[in-house]
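A, B, C, D, E and F label the chains in the order they appear, each numbered from 1.
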Amino acid sequence: MTLNQLGVVKRSIVRADPAAVEKLSKFGVATIHEAMGRVGLMKPYMRPIYSGARICGTAVTILLQPGDNWMMHVAAEQLQPGDVAVAACTTDNFDGFFGDLLATSFQARGARGLIIDAGVRDVEELEKMGFPVFSRAIHAKGTIKATLGSVNIPVICAGTLVNPGDVVIADADGIVVVPAAVAWEVADAAEKRESFEGEKRAKFAAGVLGLDLYSMREPLEKAGLKYID
Amino acid sequence: MTLNQLGVVKRSIVRADPAAVEKLSKFGVATIHEAMGRVGLMKPYMRPIYSGARICGTAVTILLQPGDNWMMHVAAEQLQPGDVAVAACTTDNFDGFFGDLLATSFQARGARGLIIDAGVRDVEELEKMGFPVFSRAIHAKGTIKATLGSVNIPVICAGTLVNPGDVVIADADGIVVVPAAVAWEVADAAEKRESFEGEKRAKFAAGVLGLDLYSMREPLEKAGLKYID
Amino acid sequence: MTLNQLGVVKRSIVRADPAAVEKLSKFGVATIHEAMGRVGLMKPYMRPIYSGARICGTAVTILLQPGDNWMMHVAAEQLQPGDVAVAACTTDNFDGFFGDLLATSFQARGARGLIIDAGVRDVEELEKMGFPVFSRAIHAKGTIKATLGSVNIPVICAGTLVNPGDVVIADADGIVVVPAAVAWEVADAAEKRESFEGEKRAKFAAGVLGLDLYSMREPLEKAGLKYID
Amino acid sequence: MTLNQLGVVKRSIVRADPAAVEKLSKFGVATIHEAMGRVGLMKPYMRPIYSGARICGTAVTILLQPGDNWMMHVAAEQLQPGDVAVAACTTDNFDGFFGDLLATSFQARGARGLIIDAGVRDVEELEKMGFPVFSRAIHAKGTIKATLGSVNIPVICAGTLVNPGDVVIADADGIVVVPAAVAWEVADAAEKRESFEGEKRAKFAAGVLGLDLYSMREPLEKAGLKYID
Amino acid sequence: MTLNQLGVVKRSIVRADPAAVEKLSKFGVATIHEAMGRVGLMKPYMRPIYSGARICGTAVTILLQPGDNWMMHVAAEQLQPGDVAVAACTTDNFDGFFGDLLATSFQARGARGLIIDAGVRDVEELEKMGFPVFSRAIHAKGTIKATLGSVNIPVICAGTLVNPGDVVIADADGIVVVPAAVAWEVADAAEKRESFEGEKRAKFAAGVLGLDLYSMREPLEKAGLKYID
Amino acid sequence: MTLNQLGVVKRSIVRADPAAVEKLSKFGVATIHEAMGRVGLMKPYMRPIYSGARICGTAVTILLQPGDNWMMHVAAEQLQPGDVAVAACTTDNFDGFFGDLLATSFQARGARGLIIDAGVRDVEELEKMGFPVFSRAIHAKGTIKATLGSVNIPVICAGTLVNPGDVVIADADGIVVVPAAVAWEVADAAEKRESFEGEKRAKFAAGVLGLDLYSMREPLEKAGLKYID
């Protein structure tokens, strides 16, 4: 499958192992991003449409044309329980490509949410339905159904490459994409990282300084830091 | 009345029929925008200052000068119960032109809220007062009272023309302006549109795909969509 | 201390009188800004990471390098109860320089919050901890610890000069900086201003117009305002 | 003709008097804007695609759909010698709606240039052809021909209302729209204003200060200006 | 090679056939983008640092860390005659990562230019040297050399995936990336497309309308377009 | 003099030594910024209004109110030969505060140019006059003369503190502010830095790599850089 190819729907995709997805769902986006070596984040202009929204699932990717949501309907058929729809557009566009009717359809298919590098609408209804969406804009502007995009090709969404089947995790801190092939590895690394955090948090709470906990005083002095009064 | 004329207050304006306003208040912005033929929306940078804010009323328009809210006080006198103040500025400006004192005055006049293509302040107090505002910015920066703008002339607010007396509806999806002359027509079209939505929603919830509900499979094939494995 | 000097930590700073800080904490940012003569505000792109966040305290300033939060740890040691960390960066950068671990450390030191002209992460945890942050962005992107900035030098944060020891007040309307030397003077002026507001509010609520309350009708007429029908 | 009505082409429009257009072409945008009473300017994000571009002519208006330039071809037929194409879009869109082929067609019709609140391409060829364009963006991204917009309805372009037949003047300072009905009046006012400027310029060049030329010293003192050493 | 992997330099990359690169260099970005099926464009915020800049060559990719240009020096060694350096950053950053010294080094290696999704400096010297750069920003701000990025891994630059060896073409209309594997195919399609353009241009210049040239009158009528007077 | 104090004109300011200014005028902004230790730069949104613009002189500072250029006229009287006017505004504002008449006045006073964190107009005339301006925007929108700002107080312009008398240098790479007290020291450091650059440039031109010139191979290896094929 080529990036950005138009007019194609791929039906058989390799989804990340559901158990690895389940394990990843227990960690925050910041932790997973660190566990992957500080890569895989979408741009911070992507925001949840309601407070507390959180998604973790396997990507079904959608490439949209500006002002046109035809491919959303094509994508609905490809969604399976545990999937997350991830929609990019061939150009910057803030129209409302998605609303409560499509959300009802996606939810009926078992989808866990939508990540869209464009606009959505009906956001109050989406919150009532408990259908989490992370988007670039909220806009009542409707779309047409006239031009082909694609479903389940690699797409670039908010600055990050997403392959169909990748694990996508979204929370209040942002959105991270974990390639399906490394889902277990990243989940394990996140677990390890988080296990260290509890201990560190206790020390910080007790008044220990990062300067001492991380032995920074010497390297800071070597770097030339001067204390004055 | 000319667009953007400075130094004028029009006292007698033709407001949309209150019953039509009442009927429009029952529909969401996205629905009304569709019912009008996908026109009349303000730019999506306009956002409610608190979650759940919603306005529907007849426009009293205000043209402000940058950093100057003198015309807000002039406008207060022209507000009648059921009105919405709609403020534009002669240039892009993010100052806080409006706060809790003016809101108290506007509310005492029966105004239902404010749409302002600029900044506001005292947003916590405004929420406590239940005075909804949709704005471009929140900014504590105060303004002076030195230069004339106008009241009740046609203005362009957030990319859309607003004539005094037009119906303005604002909710979480955005803001739409319905010309007074077509208020009934649009309200009826919105009602009709919404009546179809319930049925569609039920079908989507039952698992029917948009591909089938809207008979899209044939046009998609004609457009050249290819399914691959 | 020079603005923007790199590689320096000043240990002894002159903090504003705690009683003046206490008094300032009772007023809103918009009121304090007016009381200072409409100066001292940060840019409105700074926003609270959670609804209801509010900070008032004395500034410990931090100058960061892009993608590097080393100085956060250096700053922690300089924080005293009642302080607010105020972080600027040598260039525009949206990375997440601060999360729940540093917040635990800052909170253990008695800090009241963070103002940062850059990004933060772990925002749900920060809300749970009750550690208020006002920032330019929310971003899961982590940072390194490799380059020296400074602590407690004058910095420009979101367009405003902040000297260590200044009072910084942040609420839903924005952020204002009160130089330590005028903290009492500004607090008194804010008190005076607010005492007038109650009376005005009552008059507005009773239907008195600003046109009459502020005797604007004559100056408006002199300026040439025309009423037409 | 209603603002934003879709699917309509108005063939007979009332163009401003060519002699008034000719007279207006002699003045700069800043001068005309002042002569109209400081109204009628488009937003400053509109920029010429090449240095030295300048346009003055009567508007043929175009309402485009996002990513779709079908109406450009419809508009070509309505262009007459002396016209300027003025294109708005139903939503923010930066695609390249216009290139050298359409420019060849527009030029063959006698059009003097294009004002477009969206993107264009082939900018080097356009410069070689001497076909001036003012746009919001330069983008190689192509468009389709699938959805109806309109031609010669009132449109809002870059924040300003443009009626078909209005005079549109664009130079390095920006773009101003003069309603057809006041073209002569504004041209005369611009002439008068400019006649004063030469004299003022001579005085400034001779070292006379604005403080004295405009008798500002007394009002400044009254306003409270303090000189200190 | 994985996208965004840190700390890696790939020495052997498969460059597109030089003859195909040579052929592609004869066409404009808009034409190539159309010939590829309207994909492969970078975002339009990328602009040439001087008028008339134009690049066509094979990509050596660079992943930078914010405020750090260490990898630029590592990349220099990998550059071969005919290459274009294509630099992305792990986060949005506008610092000046590149100036006349690095340009001298790159030019000595035979590089044809730089595409950078960040800032550059010494732009007047770069123009004098005839070293074309397309960037997101011009900024005198210098960078450090402390953290590893990578060279010749797949990167996302200005919204588009670039693999080392791909053909990158940049001109006044934007930047397009042609995967090495399809370089010949795209070059041939561009040639074909351009051969049609001359004929069309002649017809447009002779006054033929697109409405007739493309037989649009009937589909416009079917779509419901109404002509009124 | 306090930052942002309103209604004040300071007549006697301490300008940097003219000989140091003269020496600084020989170096580029990037070099001076490095010589100062990478501080003192304005934000990169400031751009010259014409290609080739360059300024070096001592600052006369101006604090403007939004939409009001009264203080420009007050400042004119304070300008001396060799000065640069540096204008900030109390809020973000893009209006055209300055045009050819004021430029004529400033030029008659011996001013070398204008740096303004707002908009200007008459840009073609300014280029013809050879009066260089660096601004945030070009906008034909005029301003009024109604509210007091200040002249020769410390201001924050485009993110950087400017004290009256400081040396301000602007070229195609940006704008840097050198405090008057360190003008000689910075000029000397810039000279030293530039003397090294010629030698480095020659080595780069001869094909020497930065990896070798700066002995980076060992630290890169220590940092973990891996070369693969």
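In the analysis below, contacts are C-beta pairs under 8 Å (C-beta built on N, C-alpha and C of every residue); 3 or more make two chains touch, one makes a residue touch a chain.
For clarity, every value in this text was computed on a predicted model and none was experimentally measured.
Peer 1: What shortest step count links subunit C and subunit D in the network of chain contacts?
Peer 2: 2
Peer 1: Roughly how far is subunit A from subunit E, going centre to centre by Cα mean, in whole Å?
Peer 2: So the centroids are 27 Å from each other.
Peer 1: How many angstrom lie between the CA centroids of subunit A and subunit C, rounded to a whole number?
Peer 2: Comparing mean C-alpha positions, subunit C is 32 Å from subunit A.
Peer 1: Where the centres are mean C-alpha positions, what is the separation of subunit B from subunit F, in Å?
Peer 2: Computed from C-alpha means, the inter-chain centre distance equals 42 Å.
Peer 1: Specify, in ascending order, the residues of subunit D that touch 2 or more different other chains.
Peer 2: Touching at least two other chains: 38, 51, 90, 92, 94, 139, 141, 147.
Peer 1: Connecting every touching chain pair, does the picture come out as line, ring, star, complete or other?
Peer 2: Graph shape here is other: it fits none of the named patterns.
Peer 1: By the document's touch rule, what are all the touching chain pairs in this structure?
Peer 2: A-B, A-C, A-D, A-E, B-C, B-D, B-F, C-E, C-F, D-E, D-F, E-F
Peer 1: Which residues of subunit D touch subunit B in the complex?
Peer 2: The touching residues are 2-6, 37-40, 43, 90, 92, 154, 156, 159-161, 179.
Peer 1: In the complex of these two chains, what residues of subunit C are touching subunit E?
Peer 2: Listed in rising order, the residues of subunit C that touch subunit E are 65-68, 90-95, 139, 141, 144, 146-147.
Peer 1: Per the contact definition, I'd like the list of subunit E residues that touch subunit D in the complex.
Peer 2: Touch list, subunit E to subunit D: 28-30, 33-34, 38, 41, 44, 51, 171-174, 176, 197, 200-201, 204-211, 214, 216, 220, 223-229.
Peer 1: What part of subunit A is in contact with subunit B in the complex they form?
Peer 2: 7-12, 51, 70, 72-74, 76-77, 94, 96, 99-102, 104-105, 107-109, 119, 121-124, 137-142, 145, 147-148
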